[in-house]
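As written, the chain order gives the labels A, B, C, D, E and F, with residue 1 at the start of each chain.
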Amino acid sequence: MYYPIQGTNMTTPRVATVAPVPEESATGKVAEIYADIKRTKGIAFVPNMWRVLATNPDHLELVWTRLKALMHPEAVGRPARLDPRTREIIALAVSATNGCAYCVNSHTAALRKLGMDVETLGEVLAIVGLFNSTNALADGYQIEPDVLPPLE
Amino acid sequence: MYYPIQGTNMTTPRVATVAPVPEESATGKVAEIYADIKRTKGIAFVPNMWRVLATNPDHLELVWTRLKALMHPEAVGRPARLDPRTREIIALAVSATNGCAYCVNSHTAALRKLGMDVETLGEVLAIVGLFNSTNALADGYQIEPDVLPPLE
Amino acid sequence: MYYPIQGTNMTTPRVATVAPVPEESATGKVAEIYADIKRTKGIAFVPNMWRVLATNPDHLELVWTRLKALMHPEAVGRPARLDPRTREIIALAVSATNGCAYCVNSHTAALRKLGMDVETLGEVLAIVGLFNSTNALADGYQIEPDVLPPLE
Amino acid sequence: MYYPIQGTNMTTPRVATVAPVPEESATGKVAEIYADIKRTKGIAFVPNMWRVLATNPDHLELVWTRLKALMHPEAVGRPARLDPRTREIIALAVSATNGCAYCVNSHTAALRKLGMDVETLGEVLAIVGLFNSTNALADGYQIEPDVLPPLE
Amino acid sequence: MYYPIQGTNMTTPRVATVAPVPEESATGKVAEIYADIKRTKGIAFVPNMWRVLATNPDHLELVWTRLKALMHPEAVGRPARLDPRTREIIALAVSATNGCAYCVNSHTAALRKLGMDVETLGEVLAIVGLFNSTNALADGYQIEPDVLPPLE
Amino acid sequence: MYYPIQGTNMTTPRVATVAPVPEESATGKVAEIYADIKRTKGIAFVPNMWRVLATNPDHLELVWTRLKALMHPEAVGRPARLDPRTREIIALAVSATNGCAYCVNSHTAALRKLGMDVETLGEVLAIVGLFNSTNALADGYQIEPDVLPPLE
């Protein structure tokens, strides 16, 4: 009843722990969101992330709605305080810190698409590396905060 | 031989697991780095972080040299590809993801000093929160990367 | 311009890196969400978490909308597949793994309110502890997955 | 003396940083534990995790004893306060938060074997994602706990 | 029914999300383990960690049994391959990386008790900081492993 | 403009999100550091880690300088307080806790090269697993530190 890798039909490679919902079989809410993702992001296919989330359509909607509001504010008429490059830099910093393979790849791709060269990418990751180091030091010494932001 | 909290002299509150090196007793390399930190950052006191690192002067030097090169590039004559605000945004994104109290406070303070208002701070953290969520989803489903950056 | 702890007026203790929006000064969207939080959760005050998020009203709305949909599905007419106790157990497992003080406290409080006794809480955390251990072992040995879920 | 991937004999694919102990060559304590794992879990083979741990038999015993006590309480005559499905949900929540590939696969497999459908799996991970997000927000704003569990 | 901090009787400060089991009221298995902890560790009181775990006696036993076997091997007649100082260094490295306040304090205390001076402690944490940095870089660039351990 | 895995020329397998700088095309500072890495570490090729960092030469220099000072102190004439085996044990403990595939492989390789057998490696990881577990427990119960190191 378990599924050892040996016994798996490996002709179709696995892309996740569940089978993604193919674009051609999507209907109703899933089909609408797939179309919105492609239109909003200007891409020709629906990435694995969204096709996996579609296995629970309510969840797909919750994640897409929130990501669209924050990462594509112009598409929902929300004035944004950060530009697209800064937003993707945050995404990469978080993903590198968490070590998320899918996310590091897709946010690096987004930054390159926005025109970032590899030297600048190196500077982003250098700073990510630096603060993962100082975070471990501050926590490893249990240092009390003494540089505090103003409250007004 | 253990040091339960009850038995501790609490008139001087603890700021770390080691006693920081006070500014007035710093000599040699430590005194020079303390002076450089205050001059480079334009601050009037040496924060706990550096006074704790000073318990191992070589380590203080390694951390300060690297942080100065990356976060104060003008002070070492290095052309920077990212502006100070973006650098501090990365620092906050990493620190929030790691849950480092000292670091969240000091980098939020730095962003406020650079002029960031609380609404924009909220947008930074909203995006940090969003990608901590999608990172857990991509990893929780073990989704294979399919949006990859170009290699040239 | 920095705000060392010594120089801070400590008569009002800090509750966050920003000043929370008090209930009595909330207006418009924030006031509506505050009322919805109290009504939906059946509580008499607005916890710090929400009063801090309210410093960016759009962000408050995004987080509350999502949390309400997932944790209070009956309030939005969504049929839930998990019961409230299981949902809070997940919240505690994630929060303990991340070491989030605010979240561990509030989700433990929620579980106790739902009737969980300390022995059962101990079993939840024992299992959280066990898998934080085996996760480190599987990653520490870089073990290839061989027990895989079915894809149909 | 180093072992670059180019120089490795790749006809036997690597499953870990050490060579697992095959079932057919297991003797003594390791053979007994292998038999107990298969009997207790009702499976026909010993997964990689246990075959890797067997490279240090004392360690194999410590991990198996603890996991058996917590995840198979009926096998040791311990009354459990949580049911098997809740226990595996905790395991998945922790593993997704830590991003452990081996563990996410095996605990998703266990949940599917216990009858969980993909929609419910989606709800579990949606809640895992939600609280990874709010954890980052609570830590990113350094919010003081104000919803505390009772102590009696 | 919630327990806001304002409404709490703060004359007895909280030490955890549950009330620890006092030494004087411990009976049966808990009393035996408390005695064993004090005897094995050569300390005069039972630290909070164990008094909190005692709220679920089975869990207390599981954690103590495992920690005793690994950290006090001489007490169980197990030959150890690592010395006490190296074991505590590992404990600190893990705790600093996870940012666990209780653990960083107690393992730093243990290292100091074993004779480590603050300069050496600084070298331990410098290396912890270094590899938290390079981990973020290797993950942030998604670098394929090419330096692999031998399998025989 | 996106780069789905299907469309990628897979004859040259990807080793990172950027193309590493080959040894044969390295010039100037990069070539010097490549030579120093091979000489200092006594290896015949430049591992992926360094060839990827070389896409931003300043960053390569910062990371190598720091790693050399801490992990190869004899090469810079710095007296070290920890021996090479202890330093690599710390590196593995951090890397296993963070789940970094590249780092776990390379530090396990380094420990094996230093003569560590798999039983001892198992003891290292057993202790790493133990404290990832107790860290989650201490944080999951929010236990106040009561075993504190001395400050003098």
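Here is the rule we go by: contacts are C-beta pairs under 8 Å (C-beta built on N, C-alpha and C of every residue); 3 or more make two chains touch, one makes a residue touch a chain.
Worth saying up front: this structure is predicted, and the values here are computed from it rather than measured.
> Any chance you could name the chains that touch subunit B and subunit F both?
A chain counts here if it touches both subunit B and subunit F, which gives A, C, D, E.
> Among the chains, which is located farthest from subunit E on the basis of C-alpha centroids?
A
> Answer with same or different: of all residue numbers used at the interface between subunit B and subunit D, are over half used by both copies?
Mostly same residues: over half of the interface numbers shared.
> Quote the value, from 0 to 180 degrees and to the nearest 5, of the angle by which the CA atoms of subunit D must be rotated to coincide with those of subunit E.
Fitting subunit D to subunit E on C-alpha atoms yields 180 degrees.
> Centroid of subunit C to centroid of subunit F, CA atoms only: how many Å?
34
> Averaged over CA atoms, how far is the centre of subunit A from the centre of subunit D? Could you give it in whole Å?
Distance between chain centres, rounded to whole Å: 25 Å.
> Which parts of subunit B, given as residue numbers and ranges, touch two or more other chains?
2-4, 14, 17-18, 47, 53, 58, 62-63, 66, 70, 94-95, 97-101, 104-105, 108-109, 119, 123, 125-126, 128-130, 132-137, 139, 141-142, 144-150
> What's the contact topology between the chains, one of line, ring, star, complete, other?
complete
> Help me check something: in the complex, which residues belonging to subunit D touch subunit A?
Those in contact with subunit A are residues 43, 45, 47, 99, 104-105, 108-109, 113, 118-119, 121-123, 125-126, 129, 136.
> Mind pulling up the subunit A residues that touch subunit E in the complex?
92, 95-97, 99-101, 104-105, 125, 128-130, 132-137, 139-142
> Flag every residue of subunit B that touches subunit A in the complex, lowest number first.
Answer in residue numbers: 13-18, 47-49, 52-53, 63, 66-67, 70-71, 80-82, 86-87, 89-91, 93-95, 97-98, 100-103, 105-112, 119-120, 123-124, 126-128, 130-135, 137-139, 141-150.
> Can you name the residues of subunit B that touch subunit F in the complex?
Residue positions touching the partner: 2-6, 8, 14, 17-19, 58, 62, 66, 69-70, 78, 144-152.
> Enumerate the contact residues on subunit C facing subunit B in the complex.
Interface residues on the subunit C side: 1-4, 17-18, 53, 55-56, 58-59, 62-63, 94, 98-100, 145.
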